[in-house]
Amino acid sequence: MQGYRNLSIEEALREIEHRIGPYIGRGKVADYIPVLKKVDPDQFAMAVTTVDGREYKIGNWDTGFSIQSISKAFNLTKALGKRGDQIWKRVRQEPSGRAFNSIIQLESENGIPRNPFINPGAIVIADLLHEIFEHPVEEMLDFIRKLAQNDSICINEEVFQSEKDSGAGNYSSAYLIKSFGNLHSDVHKVLSTYFALCSIEMNTLDLARSFLFLANHGRLLSGEEIVSIQQAKRINAVMLTCGTYDNVGEFAYRVGLPAKSGVGGGIAATYPGEFSIAVWSPGLNEKGNSVAGFKALEDFTTLISKSIF
Amino acid sequence: MQGYRNLSIEEALREIEHRIGPYIGRGKVADYIPVLKKVDPDQFAMAVTTVDGREYKIGNWDTGFSIQSISKAFNLTKALGKRGDQIWKRVRQEPSGRAFNSIIQLESENGIPRNPFINPGAIVIADLLHEIFEHPVEEMLDFIRKLAQNDSICINEEVFQSEKDSGAGNYSSAYLIKSFGNLHSDVHKVLSTYFALCSIEMNTLDLARSFLFLANHGRLLSGEEIVSIQQAKRINAVMLTCGTYDNVGEFAYRVGLPAKSGVGGGIAATYPGEFSIAVWSPGLNEKGNSVAGFKALEDFTTLISKSIF
Amino acid sequence: MQGYRNLSIEEALREIEHRIGPYIGRGKVADYIPVLKKVDPDQFAMAVTTVDGREYKIGNWDTGFSIQSISKAFNLTKALGKRGDQIWKRVRQEPSGRAFNSIIQLESENGIPRNPFINPGAIVIADLLHEIFEHPVEEMLDFIRKLAQNDSICINEEVFQSEKDSGAGNYSSAYLIKSFGNLHSDVHKVLSTYFALCSIEMNTLDLARSFLFLANHGRLLSGEEIVSIQQAKRINAVMLTCGTYDNVGEFAYRVGLPAKSGVGGGIAATYPGEFSIAVWSPGLNEKGNSVAGFKALEDFTTLISKSIF
Amino acid sequence: MQGYRNLSIEEALREIEHRIGPYIGRGKVADYIPVLKKVDPDQFAMAVTTVDGREYKIGNWDTGFSIQSISKAFNLTKALGKRGDQIWKRVRQEPSGRAFNSIIQLESENGIPRNPFINPGAIVIADLLHEIFEHPVEEMLDFIRKLAQNDSICINEEVFQSEKDSGAGNYSSAYLIKSFGNLHSDVHKVLSTYFALCSIEMNTLDLARSFLFLANHGRLLSGEEIVSIQQAKRINAVMLTCGTYDNVGEFAYRVGLPAKSGVGGGIAATYPGEFSIAVWSPGLNEKGNSVAGFKALEDFTTLISKSIF
């Protein structure tokens, strides 16, 4: 579309491999739970999968990491796919303009979270998953395995335990939502599901593959429809406006792709109609996004001269 | 790019002409200044201009209206073009998550406005224009006339006076920014410039033409560069994440184009690489965006099956 | 002290009995739990006990009611008496300038509640009671029975159950405090204690008697010291600045006595050196204070020409 | 009243003279305007005047200083005296729970300031003075001279100029109040009055004398009524709940007297029925109250065993 392509995907990845070194290890590894803190910060991976079936990868692409908030994109996909636009009665789709765990807005806005990617919104989506499925964790895990074509993807139990033990802030949000009548199942069950899905481990190639349907009009490469074309576009829109915590404006400005990040250091992005891309490096900036990952994505869209803008 | 095109631009506009009737006149005409309140709500216009030189228009496309906050996109363009990324030291590029005139965030974030499209951010940009130009209003008016290819575009003096007389909230913001040292010129002069540019009148075709450079890699159709390719992309990114007040998420979700709206009922949007589009209808939703305009843009991107997502 | 006395206590109470009729039943009975909602609003009682041993009472003075937040004054007394000024490391003593259940301040002030009478502060005090006592509910009940000289005072189990079932907002606050490390015992145990003490039933005379030590330099009439003179003064100071929700300024202005109110419709006040006074009527104003009770106290201090100012 | 008197006023002042040394010079002299910053921090004064005509003073009691926010108590007195309780339609009487210059509450509470002692509330009172008097500054200066029995009291012109030049925050508040329709006269005139009255210089004895009517049922010792008994009590109540910025709770707790402080380092307090007291030392704590002044008042009420609690 833009016609200003400089490098091919392969050339761009090779260039990034050369350049990214000084950024790896920068920032701060997530430390709110002990097990995340132990991750070696000197790791970096990037993987691209295209709608015409090509795959590219560099760095530690087969090392598993905690997907954390990236799981919120899968949860939104399933909730939207099953329930359609009625989910927007219980969660909005506006950027929060605040840190990801703020509960201030939640109180002033009557328990309707700003969007499905801040923690309170993701808790409401997890509550919806409890209404949709009898066993939401199993269903979601199967779903993600299918998207990633990898049956060995599973939950890291140590991370899961730690999340539950240190999740007082999320319990606070969940009870606040409940006090406004916007959480229907048991708080502890819903949060257990939420934490379990945050504790899923995937590698960078898994992640790129599992986001490809969002670049492919809602379909797997096999042709199977995951969500409708319209819904795929809309999930991309929500990712662009709300997917990277309080960095969404800067991310749109510098990278220009819809994306969802996690404090495990992963970021998954899509270029509608062409490819999905995942990146991972544990060091985080002060907004909770991977420093090297953010930089690599910025370089990538610059080098191949493609962004949605 | 998406390949799911149903209707041509011309067919889509004709279809919208048929459908939009029930939405015209809905919502509430801006009433914070008396002269805006007098506008006849039963008006609607839409215009599209393409990078290959075609133009389409329907409804009251040659009726002038107050562009209001849409001027902020022109001001940002000029400030970014002249000063580059250093402007981001004085204004951020994150969605505010709040109503457009909120000064709460301004106080808690030390006088650095969230983005150039909320009023405080636009005031900082107006202050920058005072540093760049000796006569900022004249310079900006010339600039807009050139973009729109219409030398008769001018300021509505009655609106300008009203803005100044009823602008206590903006004076409050400007002095607050000054108290943090982020406003360098005289408050009254800066606000006079800000109000003058908000009071510019254009018609819908003018507006579509004047945004075309943002869809054309920063250039006029003549080839003249207005801003660099990178800067054009970035202005589009800021419009997408911050351009439609506290509707940005819903707008991205339903329309899927970078856009800037104004309380005069206008909205200008771009589809990078292909076209710019403007729409106008005075009735506003509770977030300050044109009801019929929003609906028409949603229908348009659905009918031609094109959005950036 | 002021020397402008008009009426004696007895005369003032008689006068209030005549005047207060139109105020009884005004306002809205607390309805956040069903059992409180069932209380007959057409009730009113007032009781005065003096440091020289006199007692006066009018209206339904021997009808028990739910003391609710008035229990927070007893809890503070015990925590301050046992731990002294070190409790102020975990809770401040400043008015909140907000509704009694707001958690916004809690988040922006790092989990240190503004004062011991807003819910989050009272939860921290309940947590302290768990550190001080093995069986805090039993200890506090014994303490209150001794103050009121009435061994039949007990917890209303129906209210207690309802509080626990509808207390999502308090669970949210407690977990938020815990997330900042300012709640040490188990959230559910601490809140059970908090709710149990809010569910105590006393009559108006019990209540006046149980506050007399605060007017008597910290001592029972028997001479037994409950808290030191300094601590009694300080509890009075905290009541004056924080005891009546977001009405403290107006209450000081119109009544001029340290007081603690509850949404059961009770208010207990002290006039240091002379008397304690309790009033009860279920109808609440929009800040959560008894309408007739507030009016009766205002009339009382006007009629006897005594206030701390 | 309490009967636990230890020391006489004279003995207490002598004791404080011995003790206060280490506190003088602590804290930070106000630096928001250059002229205040030049004040020698190593100064301290205290003065007491009693309703039976005695006067006591220690330290630099005859050194003039900028009364700053203490002027707000005089302004409130005059506005309340002239207009009565109807002033409370335009300003409330609740503690703000926030820093003295916060404009956040102002926005969320529709331009009705929380109380007359935060800056926005004092600006509304200054606006009222413009409705009451043709020449409010002259009238207020005459009034204060009469209260202090000192015709040489006047405005420090250098401070006045500096206040106007550095008052962007107050301009911001004033325009915000105006945007809600709660400021009727010209913003610049009202603020000029406000700044002029903040720039009055008095010495510590002047200040003690000028607050004596609040301890003397609203009357000068000559018998002349300044405000009614009720109004005097109410001004004391507002001082107790709102007079010492975000220290009111701690001040009530530690000192236990109604008081108004200023960032010039002065604090004036009253003990209704007995005496007024003023203290001055330029070093401020982080809430804007004099460190040595606060400590001296705490020691004073402890040593003479008198507080309103």
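Letters A, B, C and D mark the chains in the order given here, with residues in each chain numbered from 1 onward.
Heads up, the rule we're going with is that a residue touches a chain if its C-beta (ideal position, glycine included) is under 8 Å from a C-beta of that chain, and two chains touch if they have at least 3 such contacts.
Note that the structure is predicted; figures quoted are calculated from it, not measured.
For chain A, the chain whose average C-alpha position is most distant is D. Centres computed as Cα averages put chain B at a distance of 48 Å from chain D. Centroids of chain A and chain D (each the mean of its C-alpha atoms) stand 55 Å apart. One finds 31 Å separating the Cα centroids of chain A and chain B. Of all residues in chain A, none touches two or more other chains. If you sketch which chains touch which, the chains form one closed loop in which each chain touches exactly two neighbours.
Every pair of chains in contact is given here: A-B, A-C, B-D, C-D. Residues 102-104, 107-108, 168-169, 171-176, 178-179, 187 of chain C are the ones that touch chain A when the two sit in their complex.
Those residues of chain C whose C-beta lies close enough to touch chain D in the complex are 1-4, 92-98, 105, 114-115, 217, 229-230, 232-234, 236-238, 240-242, 246-250, 252-253, 256, 258, 272-273, 307-309.
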